[in-house]
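To keep things simple, chains are lettered A, B and C as they appear, and every chain counts its residues starting from 1.
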Amino acid sequence: MSEGAILSWRSWAPWVALALALVLLPRLLSSGSSLTMMSLMGIMIIFALSYNMLLGQTGMLSFGHAVYYGLAGFVAIHAMNAIAQNKWAIPLPVIPLIGGLAGLAFGILFGSVSTRRGGTVFAMITLGVGELVASSSLILRSFFGGESGITANRTKLMPLFGYKFGPQIEIYYLIAGWAFIAILAMYAITRTPFGRMCNAVRENPERAEFIGYSTQTVRFIAFCLAGFFAGIAGALAAINFEIMNALSLGAAQSGTVLLMAFIGGIGLFWGPILGAILVTFLQVTLSDLTGAWMLYFGLLFILVVMFAPGGIAGWLALHGPALRSGRLGRLLPAYALAAVPLAMAAAGAILIVELAHHMLVKASSDGSLVHVFFTTLDGASPWPWLAALALLGVGAALTRLAWGPVRSAWAAVHAASAPVDGPAEAAVVPPAAQGVLPT
Amino acid sequence: MLELITFSTLNGLLYGMLLFMMASGLTLIFSMMGVLNFAHASFYMLGAYFGFEISRRIGFWPGFVVAPLLVGAVGALVERYGLRRVHRYGHVAELLFTFGLAFVLEELVNMFWGKLPVDYRVPPSLDFVAFRLFDTTYPAYRMFMLLVAVAMFAFLIAVLTRSRVGLIIQAALTHPDMVAMLGHNVPRIFMLVFGVGAALAGLAGVIAGPALVTQPSMAALLGPILFVVIVVGGLGSLAGAFVASLLIGLVQTFAVAINVSLADVVGAEAAARLGDLGTVTVAQIAPVIPYLLLVLVLIFRPKGLMGTRET
Amino acid sequence: MSAVLSLADVHKSFGPTAIIRGVTLNVPTGERHAIIGPNGAGKSTLFHLISGRFPVSSGTVSLHGRPITGLKPYEIYRRGLSRSFQVTNIFPRLSVYENIRCAVLWALGYKYAFWLGVDALRSVRERAEAVMTSIGLTRRRDVQAGVLTYAEQRALEIGLAIAGGADVILLDEPTAGMSRGESEQAVQLIRTVTQGKTLIMVEHDMSVVFGLADRISVLVYGQIIASDTPRAIRENAAVREAYLGQAVH
């Protein structure tokens, strides 16, 4: 290992696997809709990871991260149009870099006023800056194109090795390539002196100042870098959709990336990747299945905040020690026991939401018959409601009961995994496995 | 011109007082519990919708009384069964919880009352002209709103300066760490403050609903402005929140009334070089002004207008 | 002998309450200096003033002959003054090794580098391992700092203060809350890790103070009433009356 190298050769294996997966996925899922979805997932993975440079790594909760994604997207759209118009010899794959630099520039601009403080104050300021940009975007029509947005044609740029990037598959590979680079770069940054100090600032900003670091500078650099990677994602979105509008830099988009990162898990590097994939998948599929999908998102988010602040990745990582010591099997019976009532409760809750949604929103035009869980129920009759309530109530009560066995199974696994002598295994740090929230 | 100034001042004060009804609760909750309640504007929205629902079934006045109480109860329940659980994960988790709550409340309102504005009307008993000035009339309902806001303001001051709970709250504002040591039942006071804060926001919603638009996006439109108010006023300062509320209320109301663009001032030719900036009117940039103010305050006076804590 | 750290008529008030009321103190290079005094005398506040945690109300603090008054904590650190805290102040969810490594990065010149792999920096690794050895936590290298025992956390606290190699070290009650055996070990530890440095410490445990210090200053109600060798302090009538009378027999 040479002095200062970020990644050792031994740690290359997962990256080779990731590259192979990105290359081979379109072979397995070659339909048009899955290509579209995977393209979107790639963009959102970069975006969510850039967000986590702030929240997960440095402890900065931002409510305005879409500003850098959206502004960079607009810069990319204008750049594409300008390049096409002037016939400059710049091929499409360079556009994300332009977007990244735009994100970086806006990060420097807004970061200089918003990173003086961390915590709640920082959160409020990012919200204010987000609203400032979003409301300005409706006024500055020539740059943002008003309600309809600005369009571009990606195929008008100089072809690269004969590729004109018209078909979605070519765009998929463009996104996958950039996603690979961005994921690798963002991971590498966590393994640098700066990356470690980000964690130190998240854990204890005061002490960081007493070991030589200006927390404001750490936050500022993190903010700028996060802006850079969000900019890459924004430019890829511009290429993918060939249109940008003011919605892409608004509060809803900022909220979505927060949801993705948090549901996935902000305490582990790969948590937001998981979150971006899951939330994008749900967004695309759920919005077809039910009109109440936004409500499910909100509820899922609240449940994660309340019961699993480490997100899905944090919960999965809890099982690492048990897996390594070969005791994961002991947990399964208890999990199976708890899963049944949990599924009942969830089914009951979904049934109630679907019935209510149908009766309140659609019954006046479509009648009272509700299609849910592959059956048809009459929302006007009390029986489906009572059944749903019973499912929810009984499921919740039984889940509470089943929690005992789950807890004792965990205690048993823990006790067995931790040898009495030597370093206590349970206390060994799994790389920030707990869902670590800054305080 | 005089007419414009008079009515804009009245409307600005009214808007400012409405903002303060919410900002005061938000400031109290933030100073005492350290929780930045993202869902505060959602309570305002709930107030408007509860008021609407009750007024169309029973009447405006029962809604005026019951809706804020209902919203207060919702707020207290949220504190008791939601926030208190999340508390151990720290302030950021609490903020995230209220963020999720705001999201869910908006979706629920969407589901129950639809995405379009509802027809929440001014009650007939208040539907008349209060006074007429230079050919322009001023509705009595707006005077009523102003009256409620002022009464609420007086009530708040009385509670804070005269009652025992008020003294504890004041102590908590200046010395947040000390109150727990005085032996007061802090969780209960938190629940009370959160509930009362929510009820005040609900009251603002009930009275604002008929005059403004009652729609699911009303919370998302107002929420960020509330944050601006409490930052500009100075975090933890009730007086600052009051001044900032009125300031933003007046500035925004006047801005909306001014239909002048740079092109009118410096001439179309000079303005053309500025692109969009040359042709937008002051009225069009009104929504941007609070956030511009926020950024300026952060650069030049990070403590806020009357705050003692550095933001 | 030149003073590496000097305070000239330093005052500090919180609102109307004066906590530090005119402290003047010169600590020569290489001295082990203890500050003692009754509870509430302002010892910790004095440390906060020197290390930049609080701004002084008036007066000057100088390090290596240059004023450091009004500088930020990290600026003071970069001029060669490092400190520990009375209430353990570590990075609780980072491992012991990560804690120490963060504390050596600045001193080794890596600053905000986001282009160098930290695991491959040999100087950083060697320095961090040396510090861990000297504070006796090598066996606990990968343990999360928040779950260490109290005595281990105190050792880590000292480790964070010395890791960067600052030549002036401030230790705020390094043995607070330790058992007799633990505090004897801590004295040994402090003696080794501050070899060749200037040490200023606040301490309540008189056996620690008289065992370690070359010179002792007595702070009472925000003023230094005596500053002398341990022997002279022991015999100083004013000190006996104000403070030691109850503490040392």
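Just so it is clear, contacts are C-beta pairs under 8 Å (C-beta built on N, C-alpha and C of every residue); 3 or more make two chains touch, one makes a residue touch a chain.
These are the chains along with the protein names UniProt gives them: A, B = Branched-chain amino acid ABC transporter permease; C = ABC transporter domain-containing protein.
Everything numeric in this text was worked out from a predicted model, so none of it was measured.
Asker: Please indicate the chain closest to the centre of the assembly, with centres calculated from CA atoms only.
Answerer: The most central chain, going by mean C-alpha position, is A.
Asker: Among all other chains, pick the one whose mean CA position is farthest from the mean CA position of chain C.
Answerer: Chain B.
Asker: For chain A and chain B, what's the span in angstrom between their mean Cα positions?
Answerer: 31
Asker: How many angstrom between the C-alpha centroids of chain C and chain B?
Answerer: 48
Asker: So, what's the distance in Å between the C-alpha centres of chain C and chain A?
Answerer: Each chain reduced to its C-alpha mean, chain A and chain C end up 43 Å apart.
Asker: Considering only the defined contacts, which chain C positions touch chain A in the complex?
Answerer: Going by the criterion above, the answer is residues 51, 72-74, 77-78, 82-83, 85, 89-95, 98, 101-103, 105-107, 110-122, 124, 139-140, 142-144, 147, 160, 163-164.
Asker: How about chain A: which of its residues touch chain C in the complex?
Answerer: So the residues of chain A in touch with chain C come to 1-8, 188-189, 191-197, 199-200, 203-204, 206-214, 217-218, 221, 225, 423-424, 427-429, 432, 434, 436.
Asker: Using the touch rule from the top, collect the residues of chain A that touch chain B in their complex.
Answerer: It comes out as residues 59, 61, 63, 113-114, 116-117, 119-121, 123-125, 127-132, 135-136, 138-143, 251, 255, 258, 262, 292, 294-295, 297-299, 301-302, 305-306, 309, 356-357, 360-361, 437-439.
Asker: Show which residues of chain B lie in contact with chain A when the two form their complex.
Answerer: 30, 34, 36, 82, 85-86, 89-93, 95-97, 99-101, 103-104, 107-108, 110-112, 114, 220, 224, 227-228, 230-231, 235, 275-277, 280, 284-285, 287-288, 291-292, 294-295, 298-299, 302, 310-311
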